[in-house]
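First chain A sits with chain B, and in the next complex the same chain sits with chain C.
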Partner chain A sequence: MNIIITIAVTALVVLYAGLFKAKKALLPLTLLGLLVSLGFTVCSWDQPTVHFGMMQIDNFALAFAGISIIGTFLIFLLTQRYFAENSPNVAEYFTLILFALCGIVIMVSYKNLSMLFIGVEIMSVCLYILAGIRKLNFASNEASLKYFLMGAFSTGFLLFGIALIYGATGSFDIDVIQNVLVNSVSNVSPLFYPGIILMMVGLCFKVGAAPFHFWTPDVYEGSPSLITAFMSTVVKTAGFAAFLRLFAGAFEPLHDFWMPALMVIVIITLCLGNITALYQKNFKRMLAYSSISHAGYLLFSLVVLTANSASNVLVYAAAYTFASIVAFAVLINVKQKTGSDDIESFNGLAKRNPLAALALTIAMLSLAGIPLTAGFIGKYVMFLNVLENYQIILVVIAILNALVGFYYYFRVIIAVYFKEGKEIELDTPMQYKVVLVVSTIVILLLGVYPSFILNLI
Partner chain B sequence: MGSLFENMQSVPLNHYIWFCAIIFTIGVVGVLTRRNAIVIFMSVELMLNAVNLLLAAFSVHHNDPSGQVFVFFIMALAAAEVAVGLSIIVMVYRNTQSIDINVLNRLKW
Partner chain C sequence: MELLILIFLPLVGAIATALFAKQNTAKVAALAFSIFSLAVAIGLLCKFTPDASTQFEVNFEWIKQLGINFHLGLDGISMITVLLTNVLTPLIILSSYKHEYKNANAFYALILFMQTGLLLVFTALDAFLFYIGWEAALIPIYFICATWGGKDRIKVNMKFFVYTIAGSLFMLLGIIYLYLQNPANNFELAEFYKLELDNVQQGWIFWAFFIAFAIKMPIFPFHTWQPDTYTTAPTPGTMLLSGIMLKMGIYGVIRWLLPIVPHGVQDWSCVVMLLAVIGVVYAAIIAFMQKDAKRLVAYSSISHVGLIAAGIFTLSHQGLQGSMVQMLSHGINVIGLFFVLDIIQSRLGTNKVDELGGLAKVAPQLAITFLIILLGTVALPGTNGFIGEFLLLMSVYNYNACLGAVAGLTIIFGAVYMFRSYQKIMLGETNALTASFKDINGTEKVVLYTICALIIVIGVYPKPLLQISDASVQHLLEQINHKLTGVN
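Here is the complex of A and B:
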């Protein structure tokens, strides 16, 4: 609870600091607030509490809240020289990102379906505005409108699902719903089945799993790069935490019913994301498709539910978050210099910028899932999880897709190291260097000592 | 209040469910087929209102107030969404002089 309060108060303080033209104080204030909330997260570890029957702060919630806060912290470090040049209203942007984070913390710790809805909406409404931050840029406008229409549409599905489940059980509390299911698995009210499917559709929209992914590439490409980084890392992680809490918790007794539908979604997501990513010339759009394919791998944890599902998602999400942040940091830097975010603009990057090139390479290796990086551990635990139930076909499809993934991730590495380019020299600010170094170290550490995070929850 | 409950209960629950499902479907079809951003937006509101009615009906059926409280949450958040959504539409209109979503095809694979 104090995590949410801290973040919300920080957001308001930052807004007022902006009102009084204290531009220099914005970033330190935000980072301080995030550090304090991270401190609260660490302090409440191993003390599960329930607040007002609405929010359940257990280790699951704390772990995902922690990773979201760390991800947001790194993204805020990247704001240096990013927003300030583009607009006089930096404080509003900071506030909106913080409010979105507030919604995310609610999303990962809800106990009542109404809190799920409120968390999703707080996050989404902030993101609609953030996607359209560049008011005069047409791509940004388009991204914002598309995101808004699709977001509102998916909220409708989510709500209809919630209403039907309420009709079947008479409660919004996920523990009560689970109890009802456990006690009457054989004769559940027929309202329950469409309810589950509609909620699955709504949540798949939010996490961008195919066939509900069509908004993702456009929105990710059109939004400002930093907001895309936030959407594809922190927001996605939160979406999966919410997915997991509901489907691995409350709807677990009906696993046999919803598993086939989910399996189809996983297979379509994997194939579509990876194969379309092959044809992308634009780095940002390629990352968008790669994020769709990673959503497919993350959904593996729900195909076979084991005691490890939550920690598997945590490992994968952590690996994906850090690697993506590095990729976006380098992208922002390159774009500021060359004005283009095509893969070609990365040609010959390594000659003058060894640090950025090395960090980008390690991030790409981690996204592809090469051993000794965090991404490998993430994929490994996911595959292992599914193999426990002998879903051989699924694993074969996933491994083929991982091989396809190698191709387009390595294309970036080849462009950076082996192609002749304009030999641009990036002027990487100090904070960018910090983010690059820290994220790279975390990726390698998680790749070598995964037990640290695997045993967290 | 009591008479309202009796009035609502005099209609069988199934009728509410079918009615709401039909309104919801009209909303979904509207979102998928219309090209005008404002009409799409209206269709989304139709979907949300179908949910509101359904929640109120279930709430009376279960004799449990939490469903009606949820309706208030949906209304409040839908209002917030309207505020943001309309301003996004105005922003797009200023740049393109159109609210037809077919104009929005600059981003393509």
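Here is the complex of A and C:
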């Protein structure tokens, strides 16, 4: 609980600091607030508590909250100069991101479906504004409007699903719902089936799984890059935590009912995300489609539910978050110099910027899933889990998709190292270097010695 | 402990070279580290007792939750491949001394990094570790070939990379499957040997592994990446690929495929033998047609490897022993050939046999050493190629006389295309291009003389070499036969 309070208070303080023109204090204040909340996260480890029957702060919630806070922290480190160049309202940016993080912490720790809805809404409303915060930019406006319309639509699905589940059980509490299902698994109320499907659609929309992904590429491309980084890493991870909490917990007894539907979604997501990513010239758009395909891999853990599902999602999400942040950091840096976010603008990057080039390469190798990087361990545990249950066809499809993935991630590496280009020299601020170095080390560490994160929850 | 030093010395060397070496000191540092690791390997060889046991074992938990151990060990079969790696790496580095590569420290660091990957593959007793080594060897060679390669290097190496990684992903699938069958819940090779899989399972596992190995070697029809990759790669890259890396595939077959799924091997060996022998003849014919000497050697390599594969799949003592010797000999000979071509290329700017001629007159030392390497390649008695090729052909002949006869053509074909190109390059009259050719000197002499010495020494007295792996091969065959007769 004190995690949420700390983040919310930080957000308010930052807002007031902005009001009184204390521009220099904004970033330190935010980072301090995040560090304190991260401290609370670590301190509450192994001490599960339930607050007002609404929120359950267990290790699952803490682990995902921790990853989200660290991801946000790294993204904030990248804000130096970035927002000042993009908009006069720096404090609003900071506040909105912090409030979105608040919603995310609620999303990963809800015990009551009404809290799920509130968490999703707090997060989404902040993101609608953030996507459109470059008021005079056409693409940014388009992104915001698209995101808002589609998001509102999907929230409707989610809410309708919650209502049906309530109708079937008379409760919003996920433990009560689970009990009802366990006790009546042979003749469950027919309201459950549409309820589950509607909630699945709503959540698939939030995590960007096909065929509910149509907003992703446009919104990712149109939003400011840093917001895209936030959306594609922290927000996505939170979406999966929420998904997992509900479907691996409350709806687990009906696994046989919703698993086939989810499996179809997974296969479409994987193939569509990867194959479309192959044809992208724009780096941001490519990352958007690749994030769709990663959603597919993450959903593996729900198709085959085991004791390790949550831990696998955590590993995969951590790997994906760090790699994506590196990719976006380099992208922002390159775009400041070249003004373009096409893959071609990376041509010849390695000649003058060995650090950025190396970090980007390791990030791409990790996203592709090459051994000794975190991404490999993430994919490996997913494959292992699915194979354990003899879903060999699914793994073969996943492997073919991984191959396609190699192809487009390597296009970036090829551009960075082997293509001739303008020899631009990036001017990389200290914070960027810190983010690049730290993230790269984490990626390699998770890849070489993942023991400390496996089975964390 | 010694084994850990062996594995990680090149890695330390790679990091040191990448971080601290300057453009001009990188090659010296890399050479020093590779010679150190050669010394470590020779130290291990002296302590090694040539029986069937696994020695110098290192075993500790790596990723406990997933049942993955860092388990290494050496037996006779691994010993040969470790020797191959550590003898050839210094030679390869030395052979690049005359070239100035851009970003030399990165270049040499990648070579050393690859050495670690290769040594992991050759000593791993844990399937997961084996897979890690397998990929760890691929990434550096991709970067070596794609950064310092010739024309079309990006496209060619992308094909190479996607090909090999496709194979290895299916191997990973096979490894995970075996792990899930294993009641001990780990990736130990010894546990995998004990598994009792039925014939259908064995068939699937066989193909999952075999495709990965076949792409690496490469066996016909999985070879299409190879000629282009060899031709466009910088010469040290070609040497690493052909001299050491393709042996990963052969080693994989011997260590992982034969003993784990002997029934699968038995069921499919006729298909593999047929493919291998087709490859032998097909590659030889194509080699015969080549105008570019580097491409010719690339195809001749497919031809030789096809014979090694055929020998292994006979599941006979001669076949396996022949393949062990031939792995080493082929590695030595092929880097010798590529080095000679590199010398010619760097002085004259061409490898087209038709444009050359008369080099023997202006460069007698090059001509002599080239001739010795060539004789080794065509397996003249008294050179290193003979003993291996003889054992392999005998085993294939015993398996099936027709196949043996067809495979035997490789000797004749090999002699024809090799001597024909020798004649065109070295003999005859010099032309405008070749008249001012300078003979070998300095490091080139060191490399070529070492290679020639190895060719002759192994050719005249191969017994100690055969002894290293003899007991291990015998033990392996007993294991396989036990499984084959035990289950039925």
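Operating definition for what follows: the second predicted complex is superposed on the first by the 457 of 457 C-alpha atoms of A that agree within 3 Å, B and C clash if a C-alpha of one lies under 4 Å from a C-alpha of the other, contacts with A are read in each partner's own complex, and residues count from 1 in each chain.
Following the convention adopted for this analysis, contacts are C-beta pairs under 8 Å (C-beta built on N, C-alpha and C of every residue); 3 or more make two chains touch, one makes a residue touch a chain.
Just so we're clear, the structure is a prediction, and the values are computed from it rather than from any experiment.
Asker: Quick check on the superposition: with chain A as the shared anchor, is it clash or fit for chain B versus chain C?
Answerer: They fit side by side.
Asker: Is A:146 contacted by the first partner chain B, the second partner chain C, both or neither?
Answerer: After superposing on A, A:146 lies in contact with chain B but is clear of chain C.
Asker: If we overlay the two complexes on their shared chain A, which of chain B and chain C does A:159 touch? Say first, second, both or neither.
Answerer: The answer is first: A:159 touches chain B but not chain C.
Asker: Quick one: classify A:28 as touching chain B (first), chain C (second), both or neither.
Answerer: Neither chain B nor chain C is touched by A:28.
Asker: Check whether A:387 is in contact with chain B, with chain C, with both or with neither, and answer first, second, both or neither.
Answerer: second
Asker: For the three-chain arrangement built by superposition, which of chain B and chain C touches the greater number of chain A residues?
Answerer: Comparing touch counts on chain A for chain B and chain C gives B.
Asker: Pick one for A:171: touches chain B only (first), chain C only (second), both, or neither.
Answerer: Only chain B is touched by A:171; chain C is not.
Asker: Would you sort A:372 into first (chain B), second (chain C), both or neither based on which partner it touches?
Answerer: So A:372 only meets chain C here.
Asker: On the combined arrangement from the superposition, state the nearest Cα-Cα distance between chain B and chain C in Å.
Answerer: 25
Asker: Can you list the residues on chain A that touch chain C in the complex?
Answerer: Interface residues on the chain A side: 365, 370-372, 380-381, 383-384, 387-388, 395-396, 399, 402-403, 406-407, 410, 414, 417-419, 449-451, 454-455.
Asker: Sort out for me which residues of chain C touch chain A in the complex.
Answerer: These residues of chain C touch chain A: 62-66, 131-132, 135-136, 139, 143, 146-147, 153-154, 158, 161-162, 165-166, 169-170, 172-173, 176-177, 179-180.
Asker: State the interface residues of chain B toward chain A in the complex, per the touch definition above.
Answerer: The contact residues of chain B facing chain A are 17, 20, 24, 27-28, 31, 37, 40-41, 44, 47-48, 50-51, 54-55, 58, 61-62, 64, 66-67, 69-70, 73-74, 77, 80-81, 84-85, 88-89, 91-92, 95-96, 101, 104, 106-107, 109.
Asker: So in the complex, which bits of chain A are touching chain B?
Answerer: Going through chain A, the ones touching chain B are 114, 117-118, 121, 125, 128-129, 132, 135-136, 138-139, 141-146, 148-149, 152-153, 155-156, 159-160, 162-164, 166-167, 170-172, 191, 217-218, 221-222, 276, 279-280, 285.
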